[in-house]
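The first chain written gets the first letter, and so on, giving A, B and C; residue counts start at 1 in each chain.
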Amino acid sequence: MNVNASLIVKLIAVAAIACVPISGESFYVELVAKMLLMAIFAMSLDLLVGFTGLVSFGHAAYFGIAAYSVALFTAKFGQMSLWVMLPAAILLSAAAALVIGIFVIRTKGIYFIMVTLAFAQMAYFVFHDTPLGGGSDGVYVDARPTAAIGSWVPFDLDNELHMFYFVLVMMLLVYLFLHRVLQSPFGRVLMGIKSNEHRMQSLGYFTFGYKLAAFTLAGALGGVAGFLYAVLFGFVTPELLSWHESGNVLLMVILGGMGNLAGAVLGAFAFEAMREFFADITKYWQLLMGGVIVALVLFLPGGLTAIPGRIKRALQGGGAK
Amino acid sequence: MSQTSKNEVLLEARKLTRRFGGLVANQDIDVTLERGMIHVLLGPNGAGKSTCINMLSGDLPPSEGEIRYLGKDITRLSAAQRSQEGIGRSYQRTNIFPQFTVLENVRLAAQSRRQQPWRIFSKAMEQQWALEKARACIEEAGLGRRVDWLSGVLSHGEQRQLEIAMVLATDAQVLLLDEPLAGMGSEESASMVAVLKRLPQTRGILLVEHDMDAVFAVADRITVMVNGQLLECGPPAQIKASVAVQQAYLGTEDSFHV
Amino acid sequence: MDFASFLIQVLNSLQYGLLLFLVASGLTLVFGIMGIINLAHGSFYMIGAYLAFVLTSATGSLVLAIALGIPLALIFGALLEWALFSHLYKRDHLEQVLLTYGLILIFEQLRSLLVGDDVHGVAIPAFLDASIQLTEVMSYPVYRLAISVVCIVLAVALYYVIQRTRLGMMIRAGNDDRSMVEALGININMIYRVVFALGVALAALAGMLAAPISSVFPNMGSHVLIISFVIVVIGGIGSVWGALVAALIVGFADTFGKVLLPEISGMIVYLVMAVVLLWRPEGILKKG
């Protein structure tokens, strides 16, 4: 696909998503809103896995920290201003990612996977066990943040439509932001690190700093998704930080094809759709899902990253380019 | 620049020693590299040439000894720090970013001299200074016709030239080149030798190489290593005439006839 | 804390740490020798516990259940290595993570289908169902002591196998240099299969031993898996003795943490890991 065709497809997809509320079915509006915020989550992880080559198995921590911050701040201070709460949630997730990053970026390969998982589990325990988090039952968000600036109210997150379009706009902003970042000199260094970190070092790059920056940025954007989750569903539990969520978001990234932002969005939509509909149809859905994953890994020599290429070649019929 | 006078000592290693467990891979190696010079590190397989170059580039910490660059002690610096000082290297195995174009490979190398990671909204492909430098270095490495090619599809010889271009783009004064001619056909080899001969005017090159014709075509000075130890060091004529070198080589499969 | 309760905590720490060692030793060997990250290792612990429950219900004796369960676990491990893991050796870590994550989903669902989602208890064998009187008001269950004894015996046996036998020599060589082992003409695939099956059996045995004290419940493997990761990180990948030391550290940190700092007890082992990462990122016993 050339650049224009790809752009047109994306615009049509966005237009189609924007039309979902016309259906008038609250169920679908909420489901698609969830897909959109999961798309943000998946893109934030893709920055690490697909573009920097850091396989984090603990990304749910940053999602959960932002989500909990909404619940806990609202419980303590009453209804929050959106313009305070959103930056605060992002900052908290970024700060957590920065601190954890200082520890985990020192490790490589298998160690990195294990250590990210372990730190996410530690965050899980913070909300599960300590008085701070409200225990395993979770916490309700008593009131959605208000968008009011003084007496002017540009939109109202309690309104289902406003909420939906707010999530959609946030997803587009994150997409455009990451798209831009990846074209920057900074983004190129991340791709270089993924391709060959050792070579980047011998070219004079202090890769630790770049990786830490990417880890922090990914945490911050994961925080955006977590914030939206808490606002949309009005309820948070420690399970948001569990390693199953970390595994699921990793699956989304891989489903869509790593190192491809639009792919991460697609992966999130596909995963949530499967989770929603297969779980309805069959109680064996976990078995199906697990079987599919195992089969994918076993029967795709050259790895899962080869799938998009295969599909692309199949679609092009070997003719174009 | 007054500093770029010829014969100035760029890199100086004294009594470099590296042990792996009980094995001594390098023992008391002295290397001196002057500006304007191609210095070849020669020796049979397993002589410890790669270990030596890895210690000089910062990829491997020496067990003992000292390395100075322009008089400054750099023994404890990392590879990235040494690159920033002005020491660049290429690897024995081709080590490029295959999914990038030739230009982007070299531009990324040039970018390392002026890192501005906080400018996340500027476009890498609009960094004019880096692009200009990259183009010049590609030209210097003899790859001018391949600027827009995906580097992964270049021939083996061209990929080695690309590596040279990347090192040049880092403003390296010292080029540590690990077997730049390895696996090349005779024509590719000849064009690489031509590139190498053009490079040293303002720089110093330390080369590990097996190809004898090429070695004597480009070398100003040769250091011969055997079993991790320094055997002899001098101009090509002296090395050719050396009995010790001939004996060392005749005792191995790598024997050469001069 | 008086001396008797201190002693009880020490015994608990030892028992918990040694049990974790059984799980972590297999994990670290599979990491170190085969270069595989296995998220499903915790599932073997879970499977062991459920085996203990099912077999004890059938035979009426935990001892019999363990005697039957260990060979079953060995066969299961060897089959799994043959069918799945042997295809993973040359793959990247991400694919290993994926496949083993998929396995967890499968194992948990199968467990749910076959045994259900209820919590079950397993009876302590009658001859161990006693306690030792430490003071007038405190006693210590014999079964927990028995667990520690079994684990110590196994640790010694493992030490003997790795240090003294031909298999152990191959394991150590494979740990250091795979190509050398192949050059010597040793069948590395067989070593891998044996080591993997051994790791599965050790984890399953840990689950069987733990079943009477922790009871048997869904997802019981995931916590053990993550703690085992922490142990491997602290001890250094591939180091069995690192795993032993780290498992004991974690056992003591967790047990005493629950007593002394109950509010943050869940996090203590992770804090220990963080300190080790700063101090020695390659693990405390990793060879330089």
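Note that a contact is a pair of C-beta atoms (placed from the backbone, for glycine too) under 8 Å apart; a residue touches a chain by one contact, two chains touch by 3 or more.
A quick note: this is a predicted structure, and the numbers were derived from the prediction, not measured.
**Q** Show me the overlap between the contact partners of subunit B and those of subunit C.
**A** Common contact partners of subunit B and subunit C, which must touch each of the two, are A.
**Q** With centres defined from CA atoms, tell me which chain sits nearest the overall protein centre.
**A** If one averages C-alpha positions chain by chain, the most central is A.
**Q** Looking at C-alpha means, what's the farthest chain from subunit C?
**A** When every chain centre is compared against subunit C, the largest gap points to B.
**Q** Of the pairs A-C and A-B, which shows more C-beta pairs in contact?
**A** Output for the comparison: A-C.
**Q** Could you tell me the distance, in whole angstrom, between the mean C-alpha positions of subunit B and subunit C?
**A** 49
**Q** If you average the CA atoms of subunit A and of subunit C, how far apart do the two points sit, in angstrom?
**A** Centres of subunit A and subunit C (C-alpha means) sit 33 Å apart.
**Q** Quick check: how many Å separate the C-alpha centres of subunit A and subunit B?
**A** Using C-alpha averages as centres, the distance is 43 Å.
**Q** Given the complex with subunit B, which residues does subunit A contribute to the contact?
**A** By the definition above, subunit A touches subunit B via 180-181, 183-189, 191-192, 195-196, 198-199, 201-207, 209-210, 213.
**Q** Across the complex, what residues on subunit A touch subunit C?
**A** My answer: residues 49, 55, 57, 103-104, 106-107, 109-111, 113-115, 117-119, 121-122, 125-126, 128-131, 243, 247, 250-251, 254, 284, 286-287, 289-294, 296-298, 303-304.
**Q** Per the contact definition, I'd like the list of subunit C residues that touch subunit A in the complex.
**A** Those in contact with subunit A are residues 31, 35, 37, 84, 87-88, 91-95, 97-99, 101-106, 108-110, 113, 222, 226, 229-230, 232-233, 237, 263-267, 270-271, 273-274, 277-278, 281.
**Q** Hey, which residues of subunit B end up touching subunit A in the complex?
**A** Interface residues on subunit B, with respect to subunit A: 57-59, 78-80, 83-84, 88-89, 91, 95-100, 104, 108-109, 111-113, 115-125, 127, 130, 166, 170.
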